[in-house]
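After this come two complexes, each holding subunit A, first together with subunit B and then together with subunit C.
Now for the complex of A and B:
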């Protein structure tokens, strides 16, 4: 009896470990396959011979990208966009979260501003009116079309506001008695103590801006102005459609199919910046999600 | 008398101080409010287009009003019912299967005692959450095209090849399962946090009483997770109109419009690309209004049943 129980427990443990490892592999292997494809020869990719190891190892795709001026132009547009958005987002988050963290007694108009923010979060004009506003401001084909419409991140502001509310009041009172102005209190007390939370919203901004392709698609009419994800998207969608239509064996399409290792290499390079900050993402996203997303 | 004066002087100084703080607070709000007015509130006036025959050259003030014409037209189209159905089926599928897998995964992951294995698996399963659908669409097409890995496996076991990306019956399951694949790891974070908050003494006591692992999960772990499961279920209510534009747009094609078209892709294609600005705005407005009602009811339900709220 005891023996059989121990056996069933061990079998159960084995199933648990196997399932978890299986799910891990299901996440990893499709991504790894793309990396292997990017290092394989055209012929091997077309023949669907590439699994987890590159076939006929070559770095030709990466060499071709080195000479691809548009790829690097788009790459640099994306970098500029991420940096500009990060600065603007953080400044506005801090500027708005701090007054909103005050009680109604200390900031009478608080509820007016709060309702304004919540209404902006709840309701939006929709795609077409927003597009027309950006267009009428002559922002089309400028980097500001990618940065300014997302300048106010309401969710992040509320997250930081909740964090500021939790900062011990004694710290602020001590600073005020020492004659600090509200700005000084913000700079000397609130910001230093909130760095982990600020890192979380900074990473929200970086990831969202790096990954977005849609704003580039609607606000940029010239390919030369595309941010990286929009540029990659414009390359791959045709292939997806071609494969959909089921004639991947047509001779005329072979040349296009053979771009697959080139596209794979582009995707790998476009992911490297995210992988570089991935340790921070894991650390701060996880705490940010668990601690700050909903308030009691 | 003198004392009184000094007191009121002190009070005045204090009041002034607060008043000057308040002025600073207003100044701090201004930049964000300006951006909100331009990019969030001005478009709300653009909603008027939904009740007009909007002509870009005439603008909002010059275009003729047609009342509810576009809404009448919208509900007369067989398209829109289909698009609505697609959106809700895809969104609900993602919410239900996504939460289920995340809950199961978090329970299993919590049983892993090997620190190294646990950390590695977490690192891997969180990764797809941070990748763009532009990148992941390539991964999905690569796996699910006619000659892709999944079809190679199917033929190896003697099944017919399946055209996942081009079949109206397979497209919705493909969209749902690939989204579950992308997000289950990251969604498990919150559930894992809920599990670790459960008092380990409960498990010890149950073990001593001879409860099996399964029984302990059923009677201790799951009830302990229930509040957070309930909260997240309520808060996911507003997203039933959100089929996931980025994912669908990067994976669909005219062949699968019938089951793959969702509200957001429809508005984009008909309204923006087809330049039917007024009609597109009408459909968008319909979605926004229902979305707002859903968010408000989710917030109320969360307050009522879980003592937490969004705002």
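Now for the complex of A and C:
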């Protein structure tokens, strides 16, 4: 009996591990293939000869990117955008979530604000009206066009609000008894205790802002103002569409930048910043901080 | 309490909507700078790899500085984008009522819409007064077809780009393999081959596998099989169809004076019959029906196939990887001889690119002056190094044509072959290099000479130019001299109403049925069912619409 139980347990564990490893590989291998492609020579890529190991190892694609002034200009725009958005998002999220986490007794107009937020989350103005607002505020071609339209992240606010609601009331009461003002309660009690949740929404904000290319397309009318993802998107062209309009010299210019191994190198470089950020934020993802802070 | 608040909320919303509806004052744009320069705001179509030197931008480069110097005009970009993104910027500009002074539009449909909404200026008079004789002669070389496209009710509403080159679809065959296997091809040397010759070459390639790939595949075709224009005809069946004087994807008049859709013609049926027979024999890639461009370039690069069809400039962007992989690789260009002993070719439709001027702009004549400057003065300047040193430097660097204020091509119908003939004479040592006026053509000639001098170590781009010019254009030149072409002129009407609604479905029907017929899941007789389906599912309406459009 005991033996067979052990066996079934082991078999079950084996199946679980095998499944998880398989799923992990499904996610990892395409990325690894991109890395291999980025280090292979162009003709090997065109011949579909690259699997998981670079063929004819070369760093030419990376050298070309290093020489591309616009790539780095766009890179720095993206970095600025992520930092600005992160600060603005977090400040607004905390300042809105805190009052909204209070009961109606403390904050009478709460439900109106909630309804407004949810209304705005479900319905938006649509592309052209939003564009007109941004345009008439003279934000076109400024970094603020990328930051301000996304300043209020309703979903994150609701997430943090719920987290605040879940914080034991006794913690707040204890702080108030010790003479803390509401701001001090927020800064000294709520924020430290909510770091895991805040790290999550921070990550949402960073990833969303880093990966977004569409706003850059709409609000930036000049290539020199494109954020990185917009720039990369603009470089990946379907030659088929270009072919009947351009002359053959221009076609050649295009085929030079829109080849697959150069695109792969761009993808690799553009994911590096996100890969670097994850380990830093991971230390905040420790659950159960609230546990043990009060004895019920 | 809450109810009051929600009422207030609705009121505020209403007020906001009303405020949005109030018409804004027409924006005052400064039309001159402090230095007295005229300002033109432009919508610019950019390219991914403009190769601008450090510090230069689309807004400030040798070309815009030239315009500033020559015409006292300050060019400012309202927006820069490419492809669909450009079209989106145009749509945003139209909907926000803030059109740039001049911009490119990318289709006849878009131009029609702008004209119908009275948003663009009438250029008839400024064109007549300002356009140089050379510019006028360029358009005349196409019997003014481009200008007519841009003319509405007798008024010229835009500056059109010229039509792309008319040329036959070329069959590119690995020359080194032909030599290696000692295949006898085109024994009379007129560069025209028959279907039988092509079939024999393909089957010899498959038997002997000269590329050593272990898995030779015959002639590959893309799954969409046909293209609506010359440029898109790479790896398409255009050349096979031309043998029977069939022109799939084009609307034209047949010998009985009826307007027909080429894909539904009896001639196309014959061409499909050949394709089907070849597929059964294994002459066509057995995986036909799934192949994309990338797949076919991979087959070529791997040495699995050595025969592809395509436009004359295919070596520039489609075949160069073959040379990178196999230093020995060489291609020869042939074209298929029609049943009528001619080469059957369609006249290319206009590219559908236009420069429009915003209605109410004070200086519409500047559009024509810029046209003169770039496509007459600059194109015909013999001493470009001394007259326009900055431009000469750009040409050397290979700066993309999209950095010019108007990203359109305006050249005469014969210019491509005229240029080629000069290159050929220079390469043959008949005239000195200085005789070539256009810098890009000069660069081409230099590349070709580099390749001929030292084919072993020449760069891949020289290999490409050598093939595309000496063989691709060379073939066209020869056929033109021998008067071998039999032309079909398709109708060009843009997108009609039914095309817009049902075109995508019809195209899908066509693509799928053609694949079915060739791969054998339907017999050749099924073609007639396809024609009926095509007509009943909207084709007839399209033909009627085209007839109406032509009668207008």
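One rule holds in what follows: the second predicted complex is superposed on the first by the 230 of 296 C-alpha atoms of A that agree within 3 Å, B and C clash if a C-alpha of one lies under 4 Å from a C-alpha of the other, contacts with A are read in each partner's own complex, and residues count from 1 in each chain.
As a convention for this text, contacts are C-beta pairs under 8 Å (C-beta built on N, C-alpha and C of every residue); 3 or more make two chains touch, one makes a residue touch a chain.
The model shown is predicted, which means the values in this text are computed figures rather than measured ones.
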Subunit B versus subunit C, judged by how many residues of subunit A each one touches: B
Contacts of A:42 with subunit B and subunit C, given as first, second, both or neither: second
First (subunit B), second (subunit C), both or neither touched by A:183: first
Partner chain(s) touched by A:128 [first = subunit B, second = subunit C, both, neither]: both
Partner chain(s) touched by A:106 [first = subunit B, second = subunit C, both, neither]: first
Partner chain(s) touched by A:168 [first = subunit B, second = subunit C, both, neither]: neither
Touched partner set for A:263, first subunit B, second subunit C, both or neither: first
Touching partner for A:69 - first (subunit B), second (subunit C), both, neither: second
Contact residues of subunit A, present in both the subunit B and the subunit C interface: 48, 108-109, 116, 128-129, 131-132, 218, 237, 239-241, 243-246, 248, 260
Contacting residues of subunit B [partner subunit A, same complex]: 18, 21-22, 24-26, 28-29, 31-33, 35-36, 38-47, 49, 56, 105, 108-109, 111-112, 117, 120-128, 130-135, 137-143, 145-149, 152, 163, 165-166, 181, 184-186, 189-190, 193, 212-214, 231, 235, 245-246, 249-251, 253, 255-256, 264, 267-268, 271-272, 277, 280-281, 284-285, 287-289, 292, 295-296, 302, 307-311
In the complex, subunit A residues that touch subunit C: 41-44, 46-49, 69, 108-109, 111-112, 115-116, 128-129, 131-132, 135, 217-218, 221-224, 234-235, 237, 239-258, 260
Contact footprint of subunit A on subunit C as seen in their complex: 1-2, 5-6, 9, 20, 46-51, 54, 57-59, 77-83, 85, 88-89, 92, 95-96, 98, 164, 229-232, 234, 293-295, 297-298, 301-302, 311, 313, 316-317, 320-321, 324-325, 351, 353, 398, 400-402, 409, 440, 461, 464, 468
Residue ranges of subunit A touching subunit B (in the complex, touch as defined): 9, 12-13, 16-17, 19-21, 23-24, 26-28, 30-31, 33-34, 37, 48, 51, 91-92, 95-96, 98-99, 102, 106-109, 113, 116-118, 120-134, 137, 148-149, 151-152, 157-158, 181-183, 207, 210-214, 218, 229, 232-233, 236-237, 239-241, 243-246, 248, 260, 263-264, 267, 270-271, 274, 278, 281-282, 285-286, 289-290, 294-296
